[in-house]
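Attaching a single structure in structure tokens format; questions to follow.
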Amino acid sequence: MISVGIVGGTGYTGVELLRILLRHPNAEVKVLTSRTENGRRVDDMFPSLRGHTELKYSDLDINALKACDVVFFATPHGVAMKHAEELVAANTKVIDLAADFRLQNLAQFEKWYGLDHACPELLKDSVYGLSELNRDKIKQANVIGNPGCYPTTVQLGLAPVLKAEGLVKPESIIIDAKSGVSGAGRKASLGMIYSENADNFKAYGVAGHRHHPEIVEALENISGQKDVFNEILFVPHLVPMIRGMLSTIYIDLTDAGAEADLQSLYEAFYANEQFVDVMPAGSSPETRTVRGANQLRIALYKPQPKKLVILAVQDNLVKGAAGQAVQNMNLMFNFAEDAGLQGIGLLP
Amino acid sequence: MISVGIVGGTGYTGVELLRILLRHPNAEVKVLTSRTENGRRVDDMFPSLRGHTELKYSDLDINALKACDVVFFATPHGVAMKHAEELVAANTKVIDLAADFRLQNLAQFEKWYGLDHACPELLKDSVYGLSELNRDKIKQANVIGNPGCYPTTVQLGLAPVLKAEGLVKPESIIIDAKSGVSGAGRKASLGMIYSENADNFKAYGVAGHRHHPEIVEALENISGQKDVFNEILFVPHLVPMIRGMLSTIYIDLTDAGAEADLQSLYEAFYANEQFVDVMPAGSSPETRTVRGANQLRIALYKPQPKKLVILAVQDNLVKGAAGQAVQNMNLMFNFAEDAGLQGIGLLP
Amino acid sequence: MISVGIVGGTGYTGVELLRILLRHPNAEVKVLTSRTENGRRVDDMFPSLRGHTELKYSDLDINALKACDVVFFATPHGVAMKHAEELVAANTKVIDLAADFRLQNLAQFEKWYGLDHACPELLKDSVYGLSELNRDKIKQANVIGNPGCYPTTVQLGLAPVLKAEGLVKPESIIIDAKSGVSGAGRKASLGMIYSENADNFKAYGVAGHRHHPEIVEALENISGQKDVFNEILFVPHLVPMIRGMLSTIYIDLTDAGAEADLQSLYEAFYANEQFVDVMPAGSSPETRTVRGANQLRIALYKPQPKKLVILAVQDNLVKGAAGQAVQNMNLMFNFAEDAGLQGIGLLP
Amino acid sequence: MISVGIVGGTGYTGVELLRILLRHPNAEVKVLTSRTENGRRVDDMFPSLRGHTELKYSDLDINALKACDVVFFATPHGVAMKHAEELVAANTKVIDLAADFRLQNLAQFEKWYGLDHACPELLKDSVYGLSELNRDKIKQANVIGNPGCYPTTVQLGLAPVLKAEGLVKPESIIIDAKSGVSGAGRKASLGMIYSENADNFKAYGVAGHRHHPEIVEALENISGQKDVFNEILFVPHLVPMIRGMLSTIYIDLTDAGAEADLQSLYEAFYANEQFVDVMPAGSSPETRTVRGANQLRIALYKPQPKKLVILAVQDNLVKGAAGQAVQNMNLMFNFAEDAGLQGIGLLP
């Protein structure tokens, strides 16, 4: 049983971490911090946790965190990087659910997040926590940059066809992504209120979104190709639902790609992955099939001989955030990879 | 063509007033104020209005408002009462959609709204704008207190049976009310965000709600009975929908009430009211049938011989707010009562 | 490890039983029947189950069911009673999620369900499966009538105050209940389609609902009082949400009730119940706090000295159906009562 | 005042036609047919119409329809073509909201709709009713094929850039479209029920959708180019909302296109169109801004120098169906083009 700290336990990734970790067989949450709720019981704020914990929020106390085996940062960008070095020095592992350790390109980080990086050396040693693609590195890591929700769908959706050489034209990628509203977090914002979002649909961030540079860097790493992804399009949309994310990815096939059996390629690539499900040809993955589950489902279509359409769904708060973070923790501590993550999606 | 001012044009009652008034045959909106958006075009904030107006927000300028024939206050409680006397002195009529002129009982006003009333004398001369029940007074009024949304359903739901003497036991009234989220207004509030309200249901204000004293005072006026409504129950609930309100009202019948033909009583009472619809026996009024329409629908049930259940639905932003305000304006200026209010509910 | 059969595995209670039982430590689903889907894999119909089972639907084969330790009927009313005797004779326990074993009053059963009862003798031996109230009998039962969703909230909401003598006026009870749409089941029905229910609210069944006689019989059993509940009011409403149910219960207090500390009474009554949560005074239980969890939460209000308002929420598919059914199974087989039922509600 | 018949008045396009036409200054609905509801008042089925009409459904009587000036077919595919010739012979104009007169290519019609065309000669004389693009022909037409909802967004979204020569690579078009659920119509279908669609998102029809051939034929007509659109991608998705449609259209620009001022091009193209709104650069059109309004809004983005992203929103039941049908009627009878269509979108 390891001891866990969570910094920033009042947001949706925080409560989702608690939902998972309070039932985890190998981990116990010992510390839960909040800038504003010091002393308040967490089940007073989130009554869904009543009966499952007596934890109280505390102010951030670095010594309390150093006494943990691992600390999750479910905080705004820029918090984890301030404390990571001290924690690692104390032999405490760090998993950041924000962006501090996602981008190796510091110029991009500073451009999109408006922050100077506080520990660029540690960043170099950190590992990008896309569990299925970086499993070996994650097992050895002290610091994990947990992927963004959109980038997770894009990477798992494209990895098989990018790792196979010569099947696709990488510069042609268009990602038309759709997310539930919980992705925007739990904060008082006029744009997020119910009456502004229900029974409505819109695109946002068309001119530029922080996940674009993360996607570019990640696809470069997956494919081993530089400079071919800079001009890919990424257009996110907001769906009137709480949880769920679907990315529709369009990519031009080469002649070789047009002839390849891509369905078999994908099934083989993910044959041993319990959290990535390649659905049968003709399937239409629905977000509700992964509601609350650490699962990503993929379906492939070739509506034209040289056009591939990839559909990838996940629960943005689980495989897109807290679930993948726990999956990474499991890898780092040599637990069963699905410990605490065996729940079945809530349908309907 | 009268000239209209709207104070507070960035909230939902404000934009709803504009939706109605911009197509009104006898009124033109000349002034639209906002504390924060001075100089901004209103159709930039509410693109639904694009093509229908070139109005811009301005700071509140009392002289500009005095040049209007009527001014609507779509503001927080406490604003209209600061300006009403000066406007009335300038022969400008005032319709307040907040609570400043709803309660004649100043002690209750101060208790529930935390405000000293700025013009108690004018309050005495003001008229409570429940159009169907106070039509004659409204026609003569200079200042209207536009009813709260919940109280509108309760008054119109109960008026026929309260005005007929001896049919009901007034102290037995229980109002179990349900409202869409837009009733809480357009403001950045954590409790109002999409992910906190969608796919969820709850009661609120069980221990006490501002509309309770308004209901009590109104029912006293309707029935001519004092002190019998103080202990009625009013429990509001929040429905995951944008617009719409349903009040389920329970009341014990006297022996006379048990024998009366209440369906006929209601049909006769509202026979000449175009905005109040008594549905046939056995009907179940749905909020969507009044979406966007200045309409209230009622159905009656007697599931037990001495128990009456009244169902009343409306669009909280229309008959429950902006629509009734315009209906009152029409009465005050001798326009056709349905001028600008003929739109049919948007179903589905 | 017991073997389990599920008759009727294509509805929402069916898939919910699977969601729970496929992760249950002491039970294995061996048989899953459907009238229409024989041979189809269940995870083809419900992709949320992909990776968790390879079960296929089969036609109803009584011998296959008799080989199970327990059979759940997640079928329309009238199916379980046809097979229960044969199963019990084969030492297979029966848990019916429909109404066949809910009402001891056969006249009421026939009136409301239009069916002659197929096994009235077995009905007498069956046990009404409100787990917390009938625990000892359930442990000994061969046949369980799993309670209706609405009646579960009403019984758990009222039990403490009814079992204490002389606190309330039982004939005054009014139940204003609100349910998500999944309670209507998974069937092609015009009234159930999205565009008829979203952004809408209505009452239904005001003139009479099948759960009324069930509530009456149950409250008689709880209180030991006959003939005082026949005229209680029960008015259900439909909320535009998938899961969730809230009952607002109004009841008049006696003088003794007005003086009693009801909050303490409730807390004491449920002190050892892990699935019933009496919230602190002033709380407002939200349906989302129990989404997917086998949990019922209660809050009490006394808005007037002699009026009690009880708020009770549950997930209609879990504590209101499949979860309580598994809880009963756990009792019948002496498993830990929370085996398979430890999941935390999915919030947001 | 013209007399109007509506064939098929029980679906969503039927009730939407009524919502518009019952308030139309120049038209009166005289005949309303239904295969199943003969003799029933329409406001009994759709209580939103109570107080606005006393119309009853009748069986389809061709003579009654021939006495009308215009007949709308709000029916399944294949009905209008059976009656159109006889109506036209009687000097009655026909507006079909189904697909019978959308496709000039009979092979495509038969392939996608499974029907032999009943009146191919009349089809040749019919006019495709995209009001803004075919206005002059519509004015002279006897038979209108009212466009599909998706194709309306695509044509109005692409027309300016396709009609200008040499700006885009037409074969590169990708249409990622999203629609509210009402587009699937009002029918009892398991896939359409609330609990299957709420809080969910999915693609559908990825392998092929009936609107693809309509889009191809329409874009050929707009651009004057044949055979360059056959391989465009069209992927529709289902949004958990009632009304609203957003198409995100991706297209590669030529060098000339990359240098052109496309914002100005669009603004000029639609400068005189009251129902097409080119929003300022940087805008994000939201479906709710057109809820209930006969309006389509467009925004343009160039996230990369040679990539154009076009966002187009409409209410699928209004500009995408009934509203455009009335707009076409207005053109055919020389009414003001916006007669009956001046309503402002219902926001929130």
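Every chain is named by a letter (A, B, C and D) in the order it is written, and numbering of its residues begins at 1.
We take it that a residue touches a chain if its C-beta (ideal position, glycine included) is under 8 Å from a C-beta of that chain, and two chains touch if they have at least 3 such contacts.
In UniProt terms the chains read A, B, C, D = N-acetyl-gamma-glutamyl-phosphate reductase.
Computed from a prediction, not measured in an experiment: that's the story for all the values here.
Participant: If every chain is reduced to the average of its C-alpha atoms, which one ends up farthest from subunit A?
Facilitator: That would be chain B.
Participant: Between B-C and A-B, which chain pair is linked by the larger number of C-beta contacts?
Facilitator: B-C
Participant: Please tell me the distance, in whole Å, between the geometric centres of subunit A and subunit C computed from their C-alpha atoms.
Facilitator: Centre separation, subunit A to subunit C: 37 Å.
Participant: Using CA atom averages as chain centres, what separation in Å is found between subunit A and subunit B?
Facilitator: So the centroids are 46 Å from each other.
Participant: Using Cα averages as centroids, what's the distance between subunit B and subunit C in whole Å?
Facilitator: The computed centroid separation for subunit B versus subunit C comes out at 39 Å.
Participant: Going by the touch rule set out above, which residues of subunit D reach two or more other chains?
Facilitator: Residues 12, 180, 182, 186, 195-196, 198-199, 240-243, 285-286, 288, 291, 348 of subunit D each touch two or more of the other chains.
Participant: Can you list the subunit C residues touching subunit B in their complex?
Facilitator: 174, 176, 178, 180, 195-196, 198-204, 206-208, 231, 233, 235, 237, 239-244, 246, 248, 250, 282, 284-288, 291, 301, 303-304, 307, 309, 311, 313, 348
Participant: Note which residues of subunit B are touching subunit D in the complex, please.
Facilitator: 12, 15, 19, 22-23, 46-52, 182, 186, 198-199, 242-243, 274, 277, 279, 283, 285-286, 288-293, 295, 297, 317, 342-348
Participant: Applying the document's contact rule, which stretches of subunit D touch subunit C when the two form their complex?
Facilitator: Contacts found on subunit D: 12, 180-182, 186-190, 192-199, 240-242.
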